[in-house]
Amino acid sequence: MGKTTAGRFFEDYRLGEVIDHAVPRTVSGGERALYHALYPARHALASSDDFARVCGLPASPMDDLITFHVVFGKTVPDISLNAVANLGYAEARWLRPVYAGDTLCSSSKVIGLKQNSSGKNGVVWVRTTGMNQHGQAVLEYVRWVMVKKRDPKAPAPETEIPELADVVPADQVVIPEGLDFTGYDFTLAGEPHRLGDYTVGERIDHVDGVTIEEAEHMMATRLWQNTAKVHFDVTARPDGKRLMYGGHIISLARALSFNGLANAQMIVGLNAGAHANPCFAGDTVRAWSEVLDVAKTDAPGVGLIRLRTVATKGAAFELRGEDGKYLPDVLLDIDYWAVMPV
Amino acid sequence: MGKTTAGRFFEDYRLGEVIDHAVPRTVSGGERALYHALYPARHALASSDDFARVCGLPASPMDDLITFHVVFGKTVPDISLNAVANLGYAEARWLRPVYAGDTLCSSSKVIGLKQNSSGKNGVVWVRTTGMNQHGQAVLEYVRWVMVKKRDPKAPAPETEIPELADVVPADQVVIPEGLDFTGYDFTLAGEPHRLGDYTVGERIDHVDGVTIEEAEHMMATRLWQNTAKVHFDVTARPDGKRLMYGGHIISLARALSFNGLANAQMIVGLNAGAHANPCFAGDTVRAWSEVLDVAKTDAPGVGLIRLRTVATKGAAFELRGEDGKYLPDVLLDIDYWAVMPV
Amino acid sequence: MGKTTAGRFFEDYRLGEVIDHAVPRTVSGGERALYHALYPARHALASSDDFARVCGLPASPMDDLITFHVVFGKTVPDISLNAVANLGYAEARWLRPVYAGDTLCSSSKVIGLKQNSSGKNGVVWVRTTGMNQHGQAVLEYVRWVMVKKRDPKAPAPETEIPELADVVPADQVVIPEGLDFTGYDFTLAGEPHRLGDYTVGERIDHVDGVTIEEAEHMMATRLWQNTAKVHFDVTARPDGKRLMYGGHIISLARALSFNGLANAQMIVGLNAGAHANPCFAGDTVRAWSEVLDVAKTDAPGVGLIRLRTVATKGAAFELRGEDGKYLPDVLLDIDYWAVMPV
């Protein structure tokens, strides 16, 4: 292979090691426009400079998931090129909005390692931080993936499983500086429901469905400079199918949740996330949500809502079978904090 | 459905009511680039800042149809989510160019209502106004749609059918402030034909054809934040087909008309428009035009040309059958004013 | 056809004639974002403003191939609308980077003509120059195409075959003003290999593959305002296939070459190029490269690497059959100079 990188294998990771990921990326109105073309995204704060200014921000920030995808995309060549499975997310916090003109890069610290009993692969936990051009952190999250070993006979590292919070505590969520919902315009935002209108346990069927094309998920995945072969190359899997980047479903579910959660303006924390089943072109994706919690913040008029949003090819509100496993139609199950006017 | 909006039904509209539509949108070079990727758009004024400056504008404006689509898209959740048919357009005037960085929102006034004899649905006429961040109107138009009733037994409103002009009079068309074609460069614009070279009744076959893909029309429709299910969800129609947003064909026809109408630089009025037949992915679309009228303006070097442009899957210049109905291959028939150098 | 242009035929060209091409184009972050969505482009200089500033440039330039495609696209209506074949490129030099906000136009001088013995068509050589809004040349290249005659009986022009350099001499390549690789960050760029790590004759298999969709190549080709029918219209060819714009494969091959050539940051010269076989949607494209030469420059830390990059549907390192012809799986064979840190 010579100059070409085959990516890291399980035995290449060292506990405590910090990996600076390549290819910084400047984002612009182009990324925002493409985001709107690829997903039915309508949350007003990420759509309108004026709406954002009324809410105390200098301009409309990039959708929080643009930040996530760009930061995540950079980690792929170092973390998940040889991943067998993307196992989970935890302790994600958005620390600062990203605006057109900002340049993002990311780095990851290896915080856990556990070789599987088969000896053929192992689980790697990393804490990834995304930074802007001023060296300010914009996002951090923990992700763990199962990675192949190059050589099954390579010695197993000492097992270290990090302790991770089930939920980012509401008082550790970071509200963007200046965010102020006291002048919030519910008509422009699209729905009248404020935080007090939601009750814990309430479930919302977001109704709309989107049938996905190959060109769409590939354009999205490339836009984030995510290079994992399985998304692009029909020869990469025995079934000749291109596996959709899991983040594509996260963005689709979030955008579909507008209908019922139009005022959940920004995602500020991701407590957990599971890609329950793979998604392929031709699938029609729907979403439903459940209110898990609500909380106060110190920012004027700004509350927090904790949501589970599920993307599915099947019926709303169905999640797990009698065996406790995700039903085959369920694609995604995420648990997150969003800001909402009180 | 709880928090989710099912859209308005016929009995929800009141004559004279003003509906402020949600989700303002800031446009950028991103929307322009996507417009050029989605349509074979080549009119120089919407392509080049320098060309626009020579024509007296501060920069290249967004294509007039970007303005139309963004303003229209916002109305969909309130006006046409439960529409059975998009019946027509009238009295559309572009009032001010839109530039990168502008934020658009829109509102609609209900100006007509007529329940159909079946009692199952009715026609709603709205006059929609698009505004920029300074509260200046950028576009207004009348549209009428047939909307389902939620409850067939709901009482019929008093019938009010608005009187609409067949044609926007040439002297009521608004020419963008500062527009000046005295230094117009026909070589850079792509064709030598000025207004005086066209004769009323002249027909032009625009020759080129475009075969449309699902990913393309869905990306376009989403870009305008148009949420109508039938465009995106294969389960939304009994035939499993995704119906193309009619505006996609308007943009396609306009872009194809470059070949023969390269100097019809900006659409400033839409007198009428009919989506004659539905369009689906795989269709190959062509266009032809007929010169309906010409007129003078007070702006230096700027004339007006009134055009019919027809999008079709069939042969040029065929429009209606012996029964007076549109032929099955005809997709779109629009009647509009454009500015052209004299 | 009336007002519509059918394009030029072989007998319409005159030796020495200069053709100014239509439709200037202002590029923005939108074109860049689309480029990243359409190709797996990761070279850091065209991705990050900050990386570019550390390298002495005022901001991240547009990918060099965006410049190429925009300049090339403008020539299509005048040069290759009636082309039977795109025969070759030579003497291409990028003369100045293009930045967001720049407006490009192009003109071509006819430098060679040769009617084919059949009398049905002939070869036209043009030297095309792309210019920015300041009238500064940004790119020049020679291209030759075989063009149909309108009238086979039209008299043949005097044959003139231009003398073209096999390779742009290294000392005639233009290094962007200010480019300085002394502070180059190899970690952010993605690979540790500097110019000295490559040896002439070395071959690199870029490993990754991309399966192409119709929507992708059509969006790309339209983005460059390339209007050749065969790319868009299933009725334009007897086989009902849409032929992919050859430039789409150039960009795809270049982007795929990141894996192994991440530090070949900018293309500054194109010595030769052949579209060996046509590419269609559904094809899975891979790339491999061979180092042809290395050279010094006067710019601090900046060297030149001369590369052959081949795009193929088949195996790496296979190029020609025993008959000396390109193998059927080979799509593209280009020979170019790129800048690389020494």
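Labels A, B and C are assigned to the chains in the order they are written; within every chain, residues are numbered from 1.
Please note the rule applied: a residue touches a chain if its C-beta (ideal position, glycine included) is under 8 Å from a C-beta of that chain, and two chains touch if they have at least 3 such contacts.
Note that the coordinates shown come from a computational prediction; the quantities given were computed from them, not determined experimentally.
Taking CA atoms, the transformation carrying subunit A onto subunit B includes a rotation by 120°, reported to the nearest 5.
Of all residue numbers that take part in the contact between subunit A and subunit C, under half occur on both sides, making this a different-residue interface. Separating the centre of subunit A from that of subunit C, both taken as means of CA atoms, is a distance of 36 Å.
Among the residues of subunit B, those in touch with two or more other chains are 28-31, 33-34, 100, 213-215. Within the complex, the subunit B residues that touch subunit A are 1-6, 20, 22-31, 33-34, 77, 100-101, 103, 105, 133, 213-215, 218-220, 222-223, 225, 227, 229, 232-236, 242. Put simply, subunit A touches subunit B in their complex at residues 28-34, 36-42, 44, 47-51, 60, 100, 187-191, 193, 197-198, 202-211, 213-216, 259-262, 284.
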